[in-house]
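For reference, the structure discussed in these notes is given below.
Here the chain labels run A, B, C, D and E in written order, and each chain numbers its own residues starting at 1.
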Amino acid sequence: MDLNSIFSQENLTIAKDSFLPMVKTALIGTIPLTIITFIVGIVLAFITALFRLSGNKFLNGIARFYVSIIRGTPLLVQLFIIFYGLPSINVTISPYISAIIGFSLSVGAYASEIIRGSIQSIDKGQWEAASSIGMTYNQTLKRIIIPQAARVSLPPLSNTFISLVKDTSLASLILVTEMFRTAQEIAATNYKFLVVYTEAGIIYWIICFFLSIIQGRLEARVARYVAK
Amino acid sequence: GCNTNKKEETAKGKDLLTQVKDSGELKIGTEGTYAPFTFHDKSGKLTGFDVDLSNEVAKRLGVKPKYFETQWDAMFAGLDAKRFDIIANEVGIRADREKKYYFSDPYITSSGALVVKSDSKVKSFNDIKGLNAAQSLTSNYGDLAKKYGAKLVGVEGFSQAIQLIESGRADATINDKLSIQNYLKETGDNKVKIAALENDASNSGFMFRKDDDSLVKAVNKALADMKKDGKYDEIVQKWFGKDGLK
Amino acid sequence: MIKLENIKKSFGELEVLKDVSLNVEKGTVTAIIGPSGSGKTTFLRCINILEQPTDGKITIDEQTIDFSNKVSKKEIISLRSKTGMVFQQHHLFPHLTALENVMEGLVTVQKVKKDVAKKKAIDLLTKVGLEEKINLLPHQLSGGQQQRVGIARALALEPTVILFDEPTSALDPELVQEVLKVMKELAEEGMTMIVVTHEMKFARDVADEVIFMDGGYIVEQGHPKDVLEHPKHARTKQFLQLIQ
Amino acid sequence: MDLNSIFSQENLTIAKDSFLPMVKTALIGTIPLTIITFIVGIVLAFITALFRLSGNKFLNGIARFYVSIIRGTPLLVQLFIIFYGLPSINVTISPYISAIIGFSLSVGAYASEIIRGSIQSIDKGQWEAASSIGMTYNQTLKRIIIPQAARVSLPPLSNTFISLVKDTSLASLILVTEMFRTAQEIAATNYKFLVVYTEAGIIYWIICFFLSIIQGRLEARVARYVAK
Amino acid sequence: MIKLENIKKSFGELEVLKDVSLNVEKGTVTAIIGPSGSGKTTFLRCINILEQPTDGKITIDEQTIDFSNKVSKKEIISLRSKTGMVFQQHHLFPHLTALENVMEGLVTVQKVKKDVAKKKAIDLLTKVGLEEKINLLPHQLSGGQQQRVGIARALALEPTVILFDEPTSALDPELVQEVLKVMKELAEEGMTMIVVTHEMKFARDVADEVIFMDGGYIVEQGHPKDVLEHPKHARTKQFLQLIQ
């Protein structure tokens, strides 16, 4: 084989035929799963970050343990335990919910470190200024710190989001339909794994490319109040 | 200068069989995770029916077997990419596969078996219409389940399919009779049972790239010889007992 | 009356305020001077209870907190509401406009209606000479303007006393005067102020009392003329020589 | 099943028997692969970061494209293309080398962004001070900027390293022996995939745990010259 | 002789230096004063060619660069080696000790042997009064000490002229004098110096010439007495009033 054979008529036809099915499961599977998971994950991350920042040793300990477990073990194993393991203690969760739980836990752990870092990066003077005009911890967090931390954490959070798009390909392991599953199914019938997977890769890349354009826009917007 | 030129020409023209013999090894792709055909024993050694069989074939070709273990999709890609010469993985001989690949003569015939929960009312293949069948992408049996009107849920492997049935998330799975029997024997699992056996048996064989058929012919010859001199029966008996393939 | 009695503050091993007592009369300006590290900032922060004193008593407007006892959050918040603070670095909220910075405490803490708060904030910003800049973000303002917004922000909550921590020392020299001018006006209106400063001219002209701190103690205190021109202690003399 | 059955005698025996084989492939497969890949990847990341920072539009473009491709497509697809795709243009690379190339390219892309960020985070004044005493670009980079950037980039680079440990589980796809493959083999024989995968997860976690202790030590060391 | 002729510098649309010419005699001290944003820092940076002037000529020690032509890197490096720079923020290398900071240019740029460089660096650090601090890291030093290390670092390469950009304006008031003292000693030893400063006393006592810059031009220049006490231009007068 040579370069010509990669772009052979046959391969091009296969790529053409598999394009629509893959885009379809990307739209109904991958993208909604990514978005829902990300939102749930961010909420979780935020709570975890607050636990880490709180003086409370117990909450801090829980948060540390959670983050350590999630970051220290493969996502695949986590999904397996949620989907196949929990039924043995009589907790049976549907595939889609399992996927949301699994990926959210993952996003929650990774993003919590980003959020914690961004909150800590805000000058202590902001806390003191807020305190000096009588604002409470919660008020300061909500009105002063988070708006500023959001700006700091936006780029790394976007990266987490983009990684998540690709990680959702693991969802097929627990019976959720997403794009990579479709690629596998197509390849299992025409045995052109390389062609079909490469095509899937390109579609992922396009999705990520658009996401990073949105990321750029968002960053520019949030940066409005920052001195050059 | 002339001499080397000639050598290159012949090297190019060498058929697959000669290449294998020259290199002294037969490169075999297999999953290594499909008992009892290709798997690792307690000591971690690769073994199984397909493995024993291809060992014997290699011996008769006068070369050493060399195994490359990976998962299903990578196995096909690996054969295409000439990472190995044959696949020994209980691959069913099917028309769609024959379009792209050569197969050896069949070396085993088996049939599909329907597995359901022990207390299930399913008694025959016809009963799975509208039910959820847990099937892996890679098996031949997904199509069969579809034919009987089941809805497919895709799983990674047989163990996961069983787990889904036991936790009630799937109603049935169809798989190779021999493989299921092995599972029941190994685990003593009594939460699932075989509800029905398929009538039509299907054949499996070694799979080859469609380059040239020299290696296919040689392997077929080795298989025929094994059947003649009793070695084949010996291997069958080792794995499936006296009347395992009946 | 603001009364600080035997204030002590340690950070771990480090005793920063060893024993500081001070009375400040309503409507007076107290200037605090002293070398770097002598505890001036820490002292101000203790009055604002941004740092909780290790020991001592603070009384403002009849409310007393005794830090030798356990102190409740509520007490702290109540006492703190009687003080306003202007920092060396302005610490304005960078995502809010000048107007929003001044309104923030009114709306969020005092739950004043938005339009009432807005009117008051505009008045205060006009007072510090920024009526034309109310809708700009902090980074669009010069250092002197930023500091004046900081003063307006502290004034908004109508504290009994305003604490200034070197409000001009981070400014370009030609911006210093505009801030000092606003402070002088405040003093003339009868605002009670405690000002840590290195601006000797301001201390001399505006302060009613000057405090010289060193090593966690008040070393010398009195009328500006006396302390600045006829210091009694060797350390005061030495310090005044260094900075003039 | 219930909680008791999870810790049944049978499961404990399985866990005990599979422990040594897994630790063995972790030691001869996972860990060396991770270390080698990380070193190669960092070198690549460093070059990419310099390309991105150089004024040269062409080099910058190459670096951007590389990073975008690698971050936008699943690692699985990248490994497939390197190992199964390249032979079709007559480039056949051995499994181990393919793995090193694939994972290094991945580390290179992710880490290059970290390194670039850390270099850019160093105060411009450092460049100017170095310039004012006559140091060249390269001298400044080597002696002034990198020692400081190293400190900034150490925590995120450690995270990349820890992620890599788990990502190497994909190596079995291209015929490299590593720990997760061993887990799969064992599970295929005893059908106890949940027990065995969980055990693998725990081993990954232990490895990551030790790595993060080392990370902590390193960070403390590099932080020596920084004001509190 | 240092000769700056018709220096211009724009950042995009913004013309920061509009046309600045200046001669500096060997062994003299030139003080530059002026409001914030007037282009003082930019002017110094142009002399050090940290910013390349848009137009104009710079001559130091016989070497001339004409920025209306294309300028090679080599020329820039050669001219720059004749100048040393002390920054407002010290910009010491935080991972190197005081000694290593001073040695860095000698060893890396001038390829001086390590032991020779070390001897020289110790001498210079002794000269600025830091013989006991040579092995400390920058963050272990006070602001004044840091700035003195910065001066030693600039001196190490034996430049023809040293440029100071507000070397004391980021310092606590009582640390200012120790830095000015070192600078005064340098001036007395005959070092050629150009100093942007807000320390009027220093300018008056030490400088041979004072330059007042505003809006990208030199507005007034002359003997310190004349410029500081009897300024001719209204802008100079106004500025001097503001900062005193």
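One rule holds in what follows: contacts are C-beta pairs under 8 Å (C-beta built on N, C-alpha and C of every residue); 3 or more make two chains touch, one makes a residue touch a chain.
The chain list, named the UniProt way, goes like this: A, D = Cysteine ABC transporter permease; C, E = Ectoine/hydroxyectoine ABC transporter ATP-binding protein EhuA.
The structure presented is a predicted model; accordingly, all values stated were derived computationally and were not measured.
Q: Just to be sure I understand the contacts, which chains border both chain C and chain B?
A: Both-contact set = A.
Q: Name the two chains that are joined by the greatest number of C-beta pairs in contact.
A: If you count contacting C-beta pairs, the leading pair is A-D.
Q: Where centres are the averaged C-alpha coordinates, which chain has the largest centre distance to chain A?
A: That would be chain E.
Q: For chain A and chain B, what's the span in angstrom between their mean Cα positions?
A: The answer is 37 Å.
Q: Hey, how far is the Cα centre of chain C from the one of chain D, in Å?
A: The answer is 51 Å.
Q: What are the residues of chain B that contact at least two other chains?
A: 74, 77, 80-81, 160, 163
Q: Where in chain E do residues touch two or more of the other chains?
A: Counting only residues that touch two or more other chains, chain E contributes none.
Q: Residues of chain A that touch two or more other chains: which are they?
A: 84, 87-88, 193-194, 197
Q: Got a list of which chains touch which?
A: Touch list across chains, by label: A-B, A-C, A-D, B-D, C-E, D-E.
Q: Inside the complex, what are the residues of chain C that reach chain A?
A: Result: residues 48, 50, 77, 80-81, 83-85, 87, 89, 91-95, 104-105, 108-110, 137-139, 153-154, 156-157 of chain C touch chain A.
Q: With touch defined as at the start, can you tell me which chain B residues reach chain A in the complex?
A: 72-74, 76-77, 80-81, 96-97, 100-101, 137-138, 153-156, 160, 163-164, 166-169
Q: What residues on chain C touch chain E, complex-wise?
A: 35-36, 142, 169, 172-177, 198, 239, 242-243
Q: Which bits of chain A are touching chain C when the two form their complex?
A: 123, 125-126, 128-136, 139, 143-144, 147-148, 225-227
Q: For a test of understanding, state which residues of chain D touch chain B in their complex under the given definition.
A: The touching residues are 17, 21, 80, 83-85, 87-88, 92, 172-175, 181-182, 184-194.
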